[in-house]
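We just call them A, B, C and D in the order they show up, numbering each chain from 1.
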Amino acid sequence: MNPILELARERLKGKRVLAVMSAKGGVGKSTIASLIALNFGERQKTALIDLDIYGNSVLKLFGIQKLHEVSKEGIEPFRVGNLSIFSVGGLVGDHYIVLPGKEEGNVLESLLGLANLREETVVIDTPPGMGEELLTLKRVANPEVILVTLPSKLSVMVVEQMLEYLLESKLKVEWIVANMCYLNTPFGPIYPFGKPEFVEKLGVEKGIKVEYLPVDPELEDFSGRIWDYSGLLKEEIRKILDE
Amino acid sequence: MNPILELARERLKGKRVLAVMSAKGGVGKSTIASLIALNFGERQKTALIDLDIYGNSVLKLFGIQKLHEVSKEGIEPFRVGNLSIFSVGGLVGDHYIVLPGKEEGNVLESLLGLANLREETVVIDTPPGMGEELLTLKRVANPEVILVTLPSKLSVMVVEQMLEYLLESKLKVEWIVANMCYLNTPFGPIYPFGKPEFVEKLGVEKGIKVEYLPVDPELEDFSGRIWDYSGLLKEEIRKILDE
Amino acid sequence: MHEWAIAMSVVSSVEKWSMEKNLGVKKVFLSIPSLSMLEVEVLIEAFNTIKKESKIRDAELEVRVRDQNFKCRSCGNVFTMKDIRDQLDPILRDYGEENPLHIVPSLITAFAKCPKCGSHDFDVDSSIRVEGIEV
Amino acid sequence: MHEWAIAMSVVSSVEKWSMEKNLGVKKVFLSIPSLSMLEVEVLIEAFNTIKKESKIRDAELEVRVRDQNFKCRSCGNVFTMKDIRDQLDPILRDYGEENPLHIVPSLITAFAKCPKCGSHDFDVDSSIRVEGIEV
């Protein structure tokens, strides 16, 4: 019997759990998860949990360099406005993490099981791949999924395989987000990763809505204080969530 | 005793092994590994091994949809000109792969141990993260490393942690590649992921040469036939390798 | 401190088990890795407090602290906590009582290396588990 | 077919061991997962051919085919090859003899699910290992 896993399941039970996923790396999962959580945070208390053990990008986007406090209740979140943030990075600070695959599940079960999670809405940022982290999340909860891809053929092919897995596993895929589709210039759009024809086709085939997001070079200025960002991407995400 | 691991070690022993790494996803590892292998392939027989179990991007970049032949010698490579390509994707075709972390090492040990590897120069594409795949590679060989990042602060922070691990582990880091630094337009450069100040600083601090690569929107047209690509990125990589 | 959260997890999973099986529980055998530096007395105190509000009020907690045998997957070397004591001390110094290994013992490979070959790649047995229940 | 590559790996690792320890080898005990559908006779034939060029010419190979007990990490269900036979048949049909599980048995979770809860998340014991050497 694994009591920490049981506790993790209990902590998430009955809550709205939204996971931002992509088997492909660098497509904007952490950015989008953070912006979605910030959007929810405008109306209600929201938890943002980072399951990317090696990236810890959520902490980096929010500029958090402290360590989690630990209480009788477990791991206490970092608080940013209405957001409660949990990350393995908040346990180790700026030391690197290197782990045998076998241990990744234990690490994430501990984070999820020990997190003093009080919020009813939980946004989860996930790592690339379809390995232990994905299986651990699945062991603990049945999240609604937002699937992120670049428009590039390569990225869409990787994400299509993941989508197949998600649908076979009966997870609900809310939307596909095609991130970094175009870059607006005064002289018209540039398509740095190709036109989004492949992702459009995938959406039609699977009957899932596709949302198209631009490249916003302004975003980089808000690295470390993403709560201050109110540019293009934020606005597009607001529109999607308001639909 | 693990005979497959021993065999993997033997197959790589004494060879030039170059691994393209980044704890951050989507920074261009697979693209750069493929272009480096193609460059080497202009002069000598070169193996290109894909250790990204979930991405299989090398096969996608080369448009390979066949399955590996298997002989008495083991797994036979896909041949593209002077290149011999090995990938787990060549064992499963277009089926998705989902694996407990514990099994990732077995899968990659099998690929490396059973590969009928005859080439003296081996380029290795790796997945993001610092998990089982990285440890498996390290178990089998001591590669020279090319570390890839985006110029963004987030990406550089992730890569800096990996660099710390690599240096402590006494791996030789040849260069840091800052990919997608600028996008040339007729009206001057755009910096979609910020200016490369952070990676520049990292290179100086650690005494490692940094190479800066542009965004090339043309690249996407060569997805599936990357051997045909002879654009900006290819030329920049040639220059770096010729130094 | 988070011994309380762990005790809670034990009470609630054993309680669930007891209700499903419709069996009373006399004793719970919990196994923890020594690596975690969890305080056994605090675990037991917390268990005894929390169980009062549960359906396993009569259960007693017995804690077994497992010593670690690490096995290097790179060179095969087998080593113990004692062999890496010098690597563990700085963790306590840098992070204090609520350090990463105390909260998530599996993180050991991030901080320690095989004393023979220097690899971070070694097998750990770091789970916290209920190994038996006496009814 | 790749039984030959595996036999080669066994001969060369046992040979290395024998030279390091300076011990002659009479018998090698190899354990393989039934999941891999490796042909034992071919393994032995290959071993006997390859060993002739090695320093363990007198070694005999004994192969133990391990039956798999899969344990679902999602629902706890324990199942065997028999329980997923219907999921394995299509793999043979689609990929033929040199199918993914034959070459890399660890890939089983990509193709099969827990028959109780449908999860791909189960424990496998799929390694090929030398379990003993008689000198």
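By definition in this document, contacts are C-beta pairs under 8 Å (C-beta built on N, C-alpha and C of every residue); 3 or more make two chains touch, one makes a residue touch a chain.
These numbers come from a predicted model, not from an experiment.
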{"item": "Chain pair showing more contacts of the two, A-C and A-D", "value": "A-C"}
{"item": "Chain centre separation (chain A, chain C; CA means) in Å", "value": "29"}
{"item": "Distance from chain D to chain A - Cα centre to Cα centre, in angstrom", "value": "38"}
{"item": "Chain C and chain D, separation of their C-alpha mean positions in angstrom", "value": "34"}
{"item": "Approximate Å spacing (C-alpha centroids) for the pair chain A, chain B", "value": "25"}
{"item": "Residue numbers of chain C (touch at least two other chains)", "value": "73, 120-121"}
{"item": "Touching two or more other chains - residues of chain B", "value": "95-100, 102-103, 105, 135, 165"}
{"item": "Interchain contacts (touch definition) - all pairs", "value": "A-B, A-C, A-D, B-C, B-D"}
{"item": "Contact set on chain A toward chain B in their complex", "value": "23-27, 30, 53-57, 60-61, 94-105, 127-132, 134-135, 150, 152-155, 157-158, 161-162, 164-165, 180, 183, 185-187, 190-194, 215, 217, 220-221, 223-224"}
{"item": "Contacting residues of chain D [partner chain A, same complex]", "value": "73-74, 118-121"}
{"item": "Of all residues in chain A, those that touch chain D in their complex", "value": "105, 135, 138-139, 165, 169-170"}
{"item": "Parts of chain C lying in touch with chain A, wherever the complex brings them together", "value": "1-2, 4-6, 8-10, 12-14, 16-17, 30, 46, 73, 95, 98, 100, 103-104, 106-107, 109-111, 120-124, 126-130, 133"}
{"item": "Residue numbers on chain B that touch chain D, as the complex places them", "value": "1-4, 6-7, 10, 67, 69-75, 88, 91-93, 95-100, 102-103, 106-107, 110-111, 113-114, 116"}
